[in-house]
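Here is the structure we will look at.
As written, the chain order gives the labels A, B, C, D and E, with residue 1 at the start of each chain.
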Amino acid sequence: MHLILFSIISTVLLVCAVGVVISRNIVHSALFLLFALISVAGIYLVLLTEFLAIVQLLIYGGAIVIVILFALMLTRNEEYPRIQNNKLWPIAGVLAVLVCITMSVSYFQSGAIQNVPNTIAPAGVKSLGSSLFTTWAIPFELASLVLLVALIGAIVIARSDKDGN
Amino acid sequence: MVGDSDSLMNELYNIMAFVLIALPLMAALVFMVLPNLTSKSYWLLSSIISVITFGISVFLFMSYDTLTGGTQFSFTVPWLDQGINISFGLGLTGISASMVLLNGIVLLGACLISGDIEKRGRDFYVLLLTLGGGVFGVFLSSDLFFFFLFYELAVLPMYLLIAVWGSSTDFGSFTRSKEYGAMKLMMVLVAASVLIWVGIIAIFVETYLHGTPTFAFEELRRLSENGLFSVEFQNWVFLCFMIGFGVLSGLWPFHTWSPDGHVAAPTGVSMLHAGVLMKLGAFGIIQIGIVILPLGAQTWMPLLMVLGIVNVIYGAVSAMSQTDLKYIIGYSSVSHMGYVLIGAATLNSIGISGAVLQMFSHGIMTALMFVLVGAIYHRAHTRDIYVLNGLIKTMPHICVLFIIAGFASLGLPGLSGFIAEFLIFLGVIKISFWIAALAVLGAALTAVYILRLIARTIVGPVDSSLSDLPDANIYEKIVSVALASVLVAVGVWPALLLDSINVGVATIMSAL
Amino acid sequence: MIPESSNLLLLMPEFVLAGLALVVFASDLIIPEGKKEWVGRLAVMGLIGLLCVTIFSVMGVNEYVYNDFLLVDHYSFVFKIIFITVGILTILISEEFVKENLTSQGEYYGLLLLAILGMNMLIQSQEFLTAYISLELLSFCLYVLVGYSKFNPKSNEAAIKYIIFGTFSSAIFLYGLSMVYSIVGSTQYSDISGTLAASNAMDPVAILGIALIMIGIGFKIGIVPFHAWIPDVYEGAPTPVTAYLAIGAKIAAFAFLARVVIGVMLPAEELWENWQMILAISAVATMLVGNGIAIVQTKVKRMLAYSSIGHSGVLLSAVVVMGSTNGIVIESLGYYLIGYAVTSFAVFSAITAVTYRNGVELIKDFAGLSDQKPLLAASIAIGLFSLAGLPLFVGFTIKFYLFSSIAIGGYLWLAGIAVFASLISLYYYLIMIKSMYVDTASSEVIHNNIIVKWPMKTVILVSIIATIVLGIYPEPLVNQINEISNLFTP
Amino acid sequence: MQYFWLIPVISFIAFIITSLIGNKILKQAWIFPMLAIVLGLGIYCFGLTEYLQSRFDLEHCFRSSVTGMVGCNYSVEWFTAGVRGADSVNSFLGFTVDPLSLSVAGLAIFVALMVQIYSIGYMKDDPRFAWYYSVQALFISSMILLALSDNFLLLYVAWELVGLCSYLLIGFWYEKPEAKEAAKKAFTVTRLGDVGLLIGILLIWIEVGSFNMSDLFTQVGSGEIASWTIFSISGLLFLGAMGKSAQFPFHVWLPDAMEGPTPVSALIHAATMVAAGVYLVARAYPLFVQSEAMMIIVSCVGLITAIGAALICCVSVDLKRALAYSTISHLGLMMLSLGAFGYTAAILHLLAHGFSKALLFLGSGNIMHSIDDLNINRMGGLKSVLPATTILFCIGALSLAGIPLLSGFWSKDEVIVSIVHNRNIVFAISSMVLVFLSGFYMIRLIIVPFFGSPNRDYSHAHKLPFVMLAPMGVLAVVVVLFGWIALYMPGAPASFGTFLFYSHPKNFHLEPDIAIITLVITLLSFGFGYLIYVKRFSIFQNMRIKARLIIEIVENKYYIDELYQILVDKLVLPAAGLVALFDRILVNDVGINGPGYVTRTVGSIIRHHITGRIYVYLALMTTGMIVLGIIWLGIVIL
Amino acid sequence: MLELIHFNILSVLLFSVGLYGVLARKSAILIIMAIELMLNAVNINFIAAAAFNHGNGLFTNFDGHILTIFIITIAAAEVGLALALILRIFRNKATVNVDSFDIMKL
C-alpha cells in the first residue's frame, strides 16, 4: 500500500518540479513550486515523519513560496509573465541528464544501499526534540546566528535609503 | 689556538664575513627610514659605506691564509632548524676571496661615480647597496639556501635600477626602451633561477630522503662523495644548474639580455651588472655544479665547452658590427664570459684557475670601460661610434684609460686579461686542440673590434661639435685610475691572486 | 543533560565573539550618524580583548568538546589567532572606506565579527553539519558584505553571482553529505574515515558523496573548475571586503580543506592516492590559469583576483602532498598562509587607501604613485615582490619552504610548475610596479587628495615590517606553527 | 753577465718616469731614456767582453748539446697556476745570454742609442715630445726582453709589448687619419700572426710540459716528439714570425707603418722589431731543422717575399716606402738563408742590414727634416743641398747592394754561398736575380734623389743640426767596419763564424767564384740603373710603355692591399653585420621575446572563458562535477 | 515493496531537475526556486536514509531528520537574503535576467 501511495506522490512531485523548470509563465512556475513542496511533505508522511511534513508545509509552503511570490510581484517589468530560457539550455539539459545517470548508476552499483532492511521507522517528535537540544545544541546556536545574519543582511541590502545617492 | 685573546680575534675574524654582507643591507634599510635628505648626502653616505665594505673585503682577501686553504672565516648560525634544516652559513674559500675583493672594488667604484643621480637619490642608493650586499652574500655563503637567497636578492633591484634611472636609445631601425631592457633582464634572470631553484630543491629532497636534510656545501660535498647522488640524478640536475647559471653568465642562446641590459642601465648599475653580476653565474657553476655534482659535470662538459666557444666567437663577431659603445662592451663581455665558461668546462685545475682569474680581470676591465663610457655619454649625450670621434683631444684622461682597458680586454701581456686568457688556453689545449685554436682566434677577433673602436672614436681628427667637452671629474679619475692600476698589477704579478685561487681550485679539484 | 565531554569553557572565545558581535550591533544604535567609525574601533578593541581571551583560555589545549562535534587543539588555536588578527586589520583598513563610501556603516563591522565567528567554528568542527552551518554563516556574512555598496551596480552584480554560486555549491555539498550519510550513518569525520578505511570494496555512493563534498569545498577555495566567480566577485566587492575575501576567506577555506583531508581522507590510503592525482592536476590547472590570465589584466583588483587564484593553486599543491608521512607539509602550509596574509595586507591596504576616494581601477591610473605617495607605493611594491617570491621578503622563504615540502612529498614536478608559475606572476607584478615607479603621473588621476589616517598607516607599516622581518628571521613564527604538525598524533 | 736583466728594467723605469712627469720637463724629456740606454750599453759591453773571454760561472752556463753554443741562463719564479704538484703550470722570468741574444741585443741597443740621439734634433718641436721618448724607452726594454728571454711565455709577452710599442709609435701623430689607420692595420695583422705563435706555444707546453726553450730542444734532440707535431709547432711559430717580420701574406702593414716618425721607422721598422721574426726562427732553429718540409717552406716564403718586395721597390715613388720594401726584401733574404741552413749568414746579414737600413732611414729623415717631402721624383740634385747626408746615404745603400769591403758584402755573400750550397738551382738563379734587383733599386735610390738635375728650388731647405748628423756618422763607420768581424773577432772565438754557429763552428771562407759573380751582377745593375736614370735612353722609355701592364701591377703592389680591403669590407664586416642582425632578430626577438609573447596570447585566449554570465560559470562547475563523478565511478567500478 | 533505493532515485531525479532549472533559467528568482528544489531533494535523501536504516550501525537517533530541519532553516534564510539582493539589483537595472548581469567579464 505504501508503494502505491509513494508512486502517486512521487509522480505528482516530479511533474510539478518539471513544471517549475519548464513553464513559460513565471506565476505558473511559482504555483508548480508550491505543489511540488506540498508533495514533498507527502513523501515525508510516507516516511512516517509527521513533524517534518508539518514543518515542510509551514516553512516551505507558507513562508518561502509567499516570499517568492512577493518578489515576483515586486520585480515586474515589461515582459512580466513571459520568461525564456537562456541560450545555454540544451547544454544544461544534457548536463542534468548526465548528473542523473551518474548518481543513479552509483546507487544501483552500491552494495550497502541494497541490503538495507525495508522497514521504515517512525521518528517521534519527542526523540527529535530531545536530540535537537542535546546532541545538536551547538549547530542549533549557529543556525540562530545564521538566521540573524540573514535578517540583518536582508534589511541592510533591501532598505531604501532616504538620500539614495 | 694560543690564548683567549686569539680566540677573541678569531671570533672577531669570523663575524667579519657576516659584517660584510650585513653592512650594505643594514645601510639600505636605514636609508629607507632616514628623512629624505638631498641625493648628494645619500651619495656621500653610501660612498662611506662602500669604502668600509671595500676595506673589509681587502682585509678578508689579505688575511685569507693561502697555506691552509679550505673555507675560512666560517660563521654558522642555525636559522630554521625545524623541519627543513637551514642554517645561515658563511665561509670564505680560495675562489670567493678574489671575488669578494672584486665586488668590493666594483661596488666602491659604482657608488663613487654615480654622484650625478638627482632623481630620487635615496631609492637609487638603497637598491644599489642591496645589489652589492646580495652579491657579497652569494660569494660568502657556504649554504645552498642562502646562496640562492642572495642570488635572487642580487637580481631583485636590477629592474627598478634600470627602469627608473636607465636611458632609452633609438637605433633608427629598432628602439631599446629602458623598460623593455629592464623587464627582459629581470624575466630572463628569474626564469633562469627557476631552473636553479628546482635543482636546489631536488638536491635537498635527496638529502632529506637520505635522512640527513642539509643545505651546507661541506655536508653536500661529503654526501656526494660517498655516492648519494646517482649519475642520472646528477646529469639532469647539473643540466639545470648549467643552464640556470649559464644564462646569468651570458651563455650563448640566452645572452641577449646582457647587452640590452647594459644599453639601458645607468653607469653605476651596468658596472655592477657586467662587472659582478655575470660572475655569479660562473661562480655558481664552479662552486655548486662541479663540487656537488662532479659526475654530472663530466657528462655535460663538452656541451658547455662548445657553447662557450660559440659565446667567444659569436660575441666578438657581433661586437664588430655594433654602432653603440655600450653594445660593443656588452657583446665583448659576452665573449669574455665565454672564456670563463670554457675555463670552467675544462675541469682541470689550470683551466678553472684561469676561469676564476678571468672572472676577476674581466670584472675589473668591464667596470673600467663602463665608467669611461658613462663619462663619455654623460658629456657627449651619445654613444654612437659614428658620431663620436677624436675624443682623445678633448678628454685625454678618459681616452688613455679606455685604451688601457681595451688592450687589457684584447689580452695584451702585462695586463691581467692576458694571464687569465693564457691559463684558459692552457687548460683547454689539454682537452682539444681545435677549441683552443678557436679561442685564440677569438682573442684576435677581440683585437680587431677593439682597435676598430679605438681608431674610430678615440684617435683621429676632432669633430667640431665635440671639441669643447670637459674631461673626467675627480671621482671618475680616481675610480678609473684605481681600476686600471689593479689591471696592471694583476697583469704584471698575477701571483697576487693566483695563490689564493690555486688553493680554492685545489679543494674543488679534489671533488672531481 | 548536556553530554559528558562538555567543557564548554573551551568555547569561551566563540561565546565572547558572539557577544561582542551583538554588542557591536547594539552600539550602532547609540553612536550618532557621523561617528560610525567608533563602532569599528569598539569592534577592534573587542577583538584585541578576544585575542587575549583566546590565548589564555585555549593555549595548549587539545581535547574534543561537546560530544566530538568540535576539536579545540593547537591547529584551531593558531588559525583562530590568524582569523582574529585578519579581522582586526580588515576593520582598521576599512574604516576610511566605510566612512566615505558606504551607507548603514554600523552593521558592516558586526557582520565582519560574525564572519570571524563562522571561520572559527568552521575549522574547529569535527562534524560535517557544524562545518556546513558555520560555512553558511561565513558565506552569508560575505554575501552581504560583497553587496554592501548598494548603489554601485558592480557590487550588486557581484553579490548576486556570489550568492547563486554559493548556494548552488552548498546544495551540491549537502547532496554529497546525504550520500555519505546514507552509507555511514553519521556525519562525524572520524566515523566516515572509519567506515571508508574499513570497507574493503569502496562503496560508489560514499565515494561519490565524498567527491561532491570536495567539490563544495573546491568552490570555496576557488580551484580551476570552480574558480569562475572569483574575478567578478573580487572586482565588484568594496576593496576592504575584497581583501577580507582574498585573505580571510581563503585561509579559512584551506584550513577547513586541510582539516577535512586529514580527518576524513588520510586514513583511507587507497582513496587518497587517487585523490592526490586529481587534486594535483587541478592545482596545476589553477596555477597556470590564474597566473596566465592575470598577465593580460588591466584592472588592479581583477589582476589581484587572478593572482589569488594562482596562490590557491600553490596552496592546493601543498594539500595534495599531505600524506600521513610527515608533518612538514602542514608546517609549510601554515607558514605559507601566514606569510601570504601579511603580504596581501601590505598590498590590499595600500590599494584601499589609493582607491577609496577617487575610485581608480586601472593599473595605469596608479602611474606616478611613487612620487606622490611613496609609502603607499613602497607598500604595494614590497607586497608584490614578496608575492612573487623574491628574497629578503617573507614570500621567498614561505615559497621555498612549501616547494621543498612538496618535493619531499614526492611531487617534484609539481614544485617545478609552481616555481614556473611564480615566475609568470613576477611578470604582471612588475607591470604594476612599472606603472607606479617608472611611468609619470597622468594628469587626470591625482593621488595627493588621499589622506592616510593613523589606522590605515599602522596596518601598512605593520604589514611591511612583518613582510621583511618574517622573511629575514622566521624562527619564532615557525616554532609556533610546527606544533600543529602534532595534528598527526591526535 | 748576470746583470743583463737590469737593461730592460732600467729602460722600463725610464718609461714610467718619462710618461709620468714627461710633459712637465718637455724639452729635457729625453734625459731619462737616454741615460737608461747608455747604462744598458755599458752593461751590455761589460757582459759581452765577459762572454768573449769566456769567463763563465759554470753553475749557470753550459754548452748546449744541440746548438753547440755556450749559453748562461738565470731565471726567477713568476707565477704558478693550478694545483702545485699535480697538473700545474709554473712560469719563470728567465733570460739567457748566448751569442744569438748578444748579437741581436747589441744591434738593438746600439741602433736605439743612435736613433735617440738623432731624434733629439728631429722631434725637437713636437708637442708630445715626452710621450715619444717614453714609448721609445718602453720599446727598447721590450725589445731587449725579447732578445734575452729564455722561455716562450716571456718571449710572447715581449713579442706583444713590442707590437704595442710599434702601434703607439706608428699612430704617434694620431690626428692624421692615415696614421691611425696604419697603426690599427699594423697591430691587427701582427696580432693575427701572433695567433699562430700563441697556439704554437700551447702545443709546445702540451708536448714538453714547460715553456723553457732548452727543455724543448733537449726533447727534440732526443727524438721524443713526433715529426708531425714538430712540423705543426714550427709552422705555427713561423706564422708568428711571418706576421712580425712582414713576410709574404702579412707584409701589407710595413709600408703603411711609414706613417710614423722617421726615427721610429729607422729603429723599429728597419733594425729591431721586424728582425724579431728572423730572431724567433733562429732561436727555435733546432726545432725547424728537424723537419725538412718546414725548411723548404721557410725558404720559399723568404724567396717570394724578397723577389716581390724588390720588384715593388724598383718602382715605388716614396723614398721611405721604397726603403720599407727593401727591408721586406732583405728580411725575405734572411728567411731564405735560414731556410738554406745559412744560420750564421742570416744573423750576420741581419746585423749588417740593421745598421745600414737604420743609416738609410736616418738619411731619409734628414731629407724629410729639411725639405719636408719624400717623393723622389720631385727631388733630384740633393747632393748640393745636403752633401753629408748624400755621402752617408750612399755608404748605407752601397753596403746593402753588396759592394765589397762594406758590411753588406760579407753577409750577403755568405748568404748566397749557403743558398747555392744547400738549395737547388732554382733558388740559386732567383738569388742572383735578387742580387741584381737589390743592386738596381739601390742605385736608383741614390741617383734619382741625390744626383741628376734638381727639379724644385731648395732655397728654404733648413740646415741640419749636428745632433742629427753625428749618429749617422757613427753608424756609417760601423757599417764600413762591421763586415770585418766575419774574418776576425776579438776574444776567444776567432771570427763571427766561430762565435755564432749551429751544431759546429765553421770559419768564414770566401768562395771566389760566387763572390765574383755577385759582384759582376751588382755592377751590371749599377750600370743599368745609370743608363735608365741618368742617360734616360729612349729604348727604356718605350720598354716602359710596352711593359705598361706589368709595371702598373707592380706599382699597385700586386693589388694585395686591395684584396685584403675587399676581404675585410665585403666578407668580414657584412658577416659581422649579419651575425648581429641574426642575434637581434632570431635569438632575441624570437628566442627571448617569443615565450613571453606566447604566454601573453595564451593568457588572452583562455581569459575568454570568464564570460561574466553566471550560468556559464555554473555550467563549468557542473561539467567539473560530472567529470569528477565519472572518474570516480570509473575507478571504483572498474 | 518500498525500499530506500526508490527514495534515492526520486531525490536524484528531483536534484537533476533542480540542476537543469538553475542552469537553464534566465530569471534570478527562478534560479532561487530551482535551488530550493535541489535542497528538497537533499532532504528527501536524508530522511529516507534515517528512516530506513534506523537501528543498524551508527543510525541511532534520527540524525537525518535533524539535519533536514537545519537545512530547511538555512534554506529559508538563504531565500530571504537572495531575494533582498535581487530586489536591490532590480532597483538598479530594472531587470532580473541573469544575461544582463555581465558588466564584469574577461
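In the analysis below, a residue touches a chain if its C-beta (ideal position, glycine included) is under 8 Å from a C-beta of that chain, and two chains touch if they have at least 3 such contacts.
Remember, it's a predicted structure, so these values are computed and weren't measured experimentally.
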Chains touching both subunit A and subunit D, listed by label: C, E
From subunit A, the most remote chain by mean C-alpha position: D
Most central chain, judged by mean C-alpha position against the global CA mean: B
A-E or B-D, whichever has more C-beta pairs in contact: A-E
Distance from the mean Cα position of subunit E to that of subunit B, given in whole angstrom: 65
Whole-Å gap separating subunit A and subunit C, where each centre is the average of the chain's CA atoms: 31
Approximate Å spacing (C-alpha centroids) for the pair subunit B, subunit C: 42
Inter-chain centre distance, subunit D versus subunit E - centres from mean C-alpha coordinates, in Å: 98
Where subunit E touches two or more other chains, by residue: 4, 8, 15, 18-19, 22-24, 31-32, 48, 53, 63, 70, 74, 77-78, 81, 85-86, 88, 98-99, 101-105
Interface hub residues of subunit D, defined as touching at least two other chains: 596, 607, 610, 612-616, 618-619, 622-623, 625, 629, 633, 636-637
Numbers and ranges of subunit B residues touching at least 2 other chains: 187
Complete list of chain pairs which touch one another: A-C, A-D, A-E, B-C, B-D, C-D, C-E, D-E
Subunit E contact footprint on subunit A (complex, rising order): 2-3, 6, 10, 13-14, 17-18, 20-21, 26, 29-30, 33, 36-37, 40, 43-44, 46-49, 51-52, 55-56, 59-60, 63-64, 67-68, 70-72, 74-75, 77, 83-86, 88-89, 91-93, 95-97, 99-100, 103-104, 107-108, 113-114, 116-121, 123, 127-128, 131-132, 135-136, 139-140, 143, 146-147, 149-151, 153-155, 157-158, 160
Residue ranges of subunit B in contact with subunit C within the complex: 25, 29, 32, 79-80, 82-84, 120, 130, 134, 145, 148-150, 152-153, 155-156, 159-160, 163-164, 178-179, 183, 186-187, 190-191, 194, 197-198, 201-202, 204-205, 208-209
Residues of subunit D touching subunit E in the complex: 607-608, 610-615, 618-619, 622
Interfacial residue positions of subunit E with respect to subunit A in the complex: 1-10, 12-21, 23-27, 29-30, 32-34, 36-37, 40, 43-44, 47-48, 50-56, 61-63, 65-66, 68-70, 72-81, 83-88, 90-91, 94-96, 98-99
For the subunit D and subunit A complex, residues of the former touching the latter: 613, 615-616, 619, 622-623, 625-626, 629-630, 633, 636-637
